[in-house]
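Shared between the two complexes below is chain A, which pairs with chain B and chain C, respectively.
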Partner chain A sequence: MKKWSAPLWFLAVGILLGLVPWLRTVLGFPIFYLIFLYFIFFWVAQAISWNILTGYSGYFSFGTGAFFGVGVYTMATLIDKYDFNFLSALPIGGILAMLLGLGIGFVVFRLRQLKGELFALLTLAVDFVLAAVVRNTDSIDGGFGVRLGSVQPPAFLGSFSTMMYILSLVIALITVFIAYSIYYSRFGLGLFAIRDDEEVAEGLGVPTFRYKMTVFSISCFLIGVSGALHALQIGYITVEGTFALRVPLFVILMSVLGGRQHWFGPVIGAVVIYTLTDTFSQASIEYLNQIIIGSLLIVMILFLREGIFERLRRRFWPSFGLLLIVLAAQLAFGIGGRLISQTAYAMLITIAFLLISDNGYARLTRSIQFLQAKKQVGVSDV
Partner chain B sequence: MSDLMLACNNVVKDFGGVRALAGVNARVSQGEILGLVGPNGSGKSTLINVITGLHEPTAGRLIFQGRDITADEPHLITQLGIARTYQVPRPFNTMTVLENVMVSATFGHSNLGLDQARVDAREALEFTGLAAYAEAPVGKLNLHQRKFLELARALSTKPQLLLLDEVMAGLNPTEIDQSVAMIRKVYESGVTIVIVEHLMRVVTSLSTRMIILNYGRVIADGQPEQVMRDPEVIIAYLGKDYA
Partner chain C sequence: MLLIGQALISGILLGGLYAILAIGLSLTWGMLKIINLAHFALTFLAAYFTYQISTSFGLDPFFTIIVTAPVFFGIGVLLQWFFETFDVSEFNSLLITFGLFIIIQSVMTGIWTADYRRIDFDINPYAQQSFWIGEFALPIPQFSAFMAALILAGLTIYVLNRTYAGKALRAISQDRDMAAAFGVNYRKMAMLLSGVSTAYAAVAGVFIAMIFALFPEAGVEWIGVIFAVVILGGLANVPGALGAGLLIGIVQAVTSAVSSPGMAPLVTFTLLILALLFKPEGLFTRRMSL
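Take a look at the complex of A and B:
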């Protein structure tokens, strides 16, 4: 059920995380952590926006790259060629991505047959077409890439990395809050009905066409804004890097890992996947990166299709405790490398624990309770 | 005849080269239970799909309470007051029983808020005897309960006209008696009903009027006793030798 206090909680989380850049100087964390967190927020925003469309309404989009690309190139073009202020270019990136989404939706959503793999392929095709257009349009890219000069952050946002951190935090928070609000609203209920059986939903009074258009445009807008900000982070923008399948694949992976049926699932997925990839690409086991992530996806699909979030919720304290213990142990013995890698290893072990089936877990807790009871009664141990 | 509720004027529906409805003329009046029967493939379900807007008719007009609904979208037709159940229950599988009914309660009538929809949905579950399963996932329901869930969803849209597509198929005799009692209760609350059914015993006892379809055409229309004696109906069901 939706809580009236929810906006306050989001605000509180925002303020706490917003203080990090200033605490950093006090505590002496290297600036690298800010950039790491920037990427976490970026992926959270991307994964959640994807999930608002795909997880909620069931329309599987492979075209995140297209809307992301519109955001990236809007920012690049506006500040590089038209001397726009980058802050005003952010929402424009979102709006253009939204218009593209509305255009596609207007054609696609009228045909009820275009669901499932056909919708996925169609959105993917849009990504490829757009890449070709951008590559061949000299006033946007023309095939040579766009190198962005450094932008001047406004004084109250501090240095460039602090500003990027704060802006991505704000975008991620707004995105998650929108996902949360939709999840508990009438609009959300209508979307879930569309996901489960669109024909029946329409027959029971859900205005399916309008709802699909609305959710698609919200999703595209958020992807576009987040993409526009990311243009500043990349600095040197190329068609290959922007419209590649990396973004859609990661976003899908994160949502599947975290869980698509709940508003919070993709947040967990984004944090875990980015922490893991960062760890493996830093360590000298870069070649293992894709193997590990790929195997993780296979294991998830085989054993935990609803994503880790649902089980995490049911076993919150045991999982959280395990995470902390593994982390503390690594810190105490000085193993595992940097803090981020240590966190990544702790996450992997916690995921392994979450893979224990519900039956297996119930048996485990029963045995523990039995042993405790035995001790209380005073029977010497077996 | 009392007030006209729904008029199908010369409704034709083609699927590719197959003519499923070949010019159906039918009227439903306020306050009747209309039995819609006919052999397999005679166009009963197609007619329901056309009335609820799922399929747009190839030709002809549909007038509901004086309003032309021929080209209206299904959700609008539902909100105007026509509800239906599916022959094979189609619940929303990721939702609980209560949430299933909340969808229709919040969207099916007058854009209710979720809190009011929850109240209405519970009422509909109470009525259909599913209140105990409100929080259960749909997967826990058996066929009989799923059929009643279909009915609860349809009722929560507060329809004036309810189209029941074979609600009794696959039920055992006790469950059929329960369903019949429930349909009577709905009828007594002032809802006009069109019932599609294969069980002749049920239709003839429930209906105040019957329409027989064959090959997408109305072949008989009248009181149950009168219709059952009609030679054309007997031919359609039993063959020429019995007429």
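Take a look at the complex of A and C:
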């Protein structure tokens, strides 16, 4: 049920969000919100491009960090050592990540047995190998990190943070649009068939090797581009920061939380998780933040494997209403700190509501209806 | 020549340590279908326990095994109870233990901070002592880790092949339902195995505390190597894990000696990828043997 009007919708959302920097100056919000939104878009792009591979084709990758790292270090090396224009370095980061993906895919996808856990662990190994190589190659990093000087944004993109906002918005939108297009295409159906049963898919004429290579290279390209842009945001690039498990952990958690089966799931996951981590890292120390993230991953896997998006669709108005009520209550009483933290607390309560199983929810609504009926009839009549 | 010889020896000794970790991981993966990433975090938790106990009470680090091993046996049993209660599938176990790994790592950062920690040489004099065979040095902690690996591997092989419990475990790994039909108590056996595997992690942790300086994120560096050992050795294959551990240890040490330490992971994983391509069931597993 792909809609012909979809590109227009994406364009409209893009234009609306593109107006935010201008609105910010008019309304006088601090610049902090722009950076916050930059990070949201960055994680949306990362999570969605991971999900194009893993959610659609079922090949679970732990190696996002590797492709992200290729993007980051391409940008760092090209700007720092070769004086490239950063705008032209963006696609190069994507292409190099894609080439790495194609190389891995060429070897791995030929082997039937490298599925599931073995594929996951192999991609994790790629991440470690790449980290070791970068750490020991003096022309890239050599173990001391790369410090990027400030880049000069082109005139039409305004200040640095406005430019980062716009570029990440564009990348995120393109990524989501690609995910959407694949989801409703013949190619996407083929991928879902591979996810459900690869042998049967092959037997029914799905060109599994070609499809897997294509989807892997698309996913890697997008991760690479988004990583290359992120290099500018980080500024000081280290091997430990780039190839650490933080990126894969977050991306997996976002997709698992949002839901891997639908193209839109990871978007919700990214927004929720980044808002939460931003709040907790403001409120407390970094390691507490990690504890919360780890526990959330476990709770989600145990109790809500399909992600919150599916349940959100089934009970959209109750949960959206709950979110708004909690947010409004916090605003009215002036509790919860900044707007972002207030949103985060409202999201947490909404997630807790969504964790109620479908059976429990049905029972809840039934008893509410019953109480209402009782009130209408009058207690004495019951 | 001396350099290569010394590298070979330290590789073999380090390989022993790899084997202790790999045996536990390989058994729970192969027999219980649990891929336990938390194994690495637990190992370093045990190492920090060793550090703390021996520093606080001035105890010889070797003796801390008496405390840590039973404690971690209990943790392993609890872990398996958790997996059983929630009926966790093989793949989800990877995700859940990933979450657990992050949690334990963060707790360690919270308690012991991100600074390097090392047991004082007053308490841990072994760190500077070595046996000498001709011109080659065998550092005592590494050597004892290697001996521990041989003993544990031997013990595990004996239990698996010669005792009733071992028979039950092998039956479980072949067909869980069938084993249950013949009266094997899966829950009990699985908890036992998971406990033993985690106790092995604790033993490895004790030696790691004696050999290396500790920091909370160190577990990450071991994940890749140990999984390489597990896969090369073949799942639930104890002699295989031992052999693969020694092999990887030697390859790493020789690579570090000949070229640079940074090349070691590269060579290791090239080896792993080649093995996955040509002999995915493990180097030490006979084809068609189940």
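Keep in mind that, in the parts below, the second predicted complex is superposed on the first by the 368 of 382 C-alpha atoms of A that agree within 3 Å, B and C clash if a C-alpha of one lies under 4 Å from a C-alpha of the other, contacts with A are read in each partner's own complex, and residues count from 1 in each chain.
Going forward, contacts are C-beta pairs under 8 Å (C-beta built on N, C-alpha and C of every residue); 3 or more make two chains touch, one makes a residue touch a chain.
Keep in mind that this is a model prediction, so the values were computed, not measured.
After lining up the shared chain so the two structures overlap, which partner does A:L331 touch, if you call chain B first and chain C second: first, second, both or neither?
A:L331 contacts neither chain B nor chain C.
Determine, under the contact definition given at the top, whether A:F209 touches first (chain B), second (chain C), both, or neither.
After superposition on chain A, A:F209 lies in contact with chain B alone.
May I ask you to name which of chain B and chain C touches more residues of chain A?
Per-residue touch count on chain A favours C.
Answer with first, second, both or neither: which of chain B and chain C does A:L121 touch in the superposed model?
second
Per the contact definition in the header, classify A:I301: touching chain B only (first), chain C only (second), both, or neither.
second
One more residue to check, A:A373. First (chain B), second (chain C), both or neither?
neither
Examine A:A12 and indicate which partner it touches, taking first as chain B and second as chain C; both and neither are also allowed.
Touch partners of A:A12: none, neither chain B nor chain C.
Identify the partner contact of A:Q290: answer first if only chain B is touched, second if only chain C is, both if each is, neither if none is.
second
Does chain B (first) or chain C (second) touch A:A193, or do both, or does neither?
After superposition on chain A, A:A193 lies in contact with chain B alone.
Can you check the complex and tell me which residues of chain B touch chain A?
Within the complex, chain B touches chain A at residues 52, 54, 73-75, 78-79, 84, 86, 90-95, 99, 102-104, 106-109, 113-114, 117, 153, 157.
Looking at the complex, which residues from chain A come into contact with chain C?
It is residues 60, 107, 111, 113-114, 116-118, 120-122, 124-126, 128-129, 132-133, 135-136, 244-245, 249, 252, 256, 285, 287-288, 290-291, 293-298, 301-302, 305 of chain A that touch chain C.
Residue numbers of chain C touching chain A in their complex, please.
35, 86, 88, 90-92, 94-96, 98-103, 105-107, 109-110, 217, 220-221, 223-224, 227-228, 231, 260, 262-266, 269, 272-273, 276-277, 280
What residues on chain A touch chain B, complex-wise?
Residues 185-186, 189-190, 192-193, 195-197, 199-209, 261 of chain A touch chain B in their complex.
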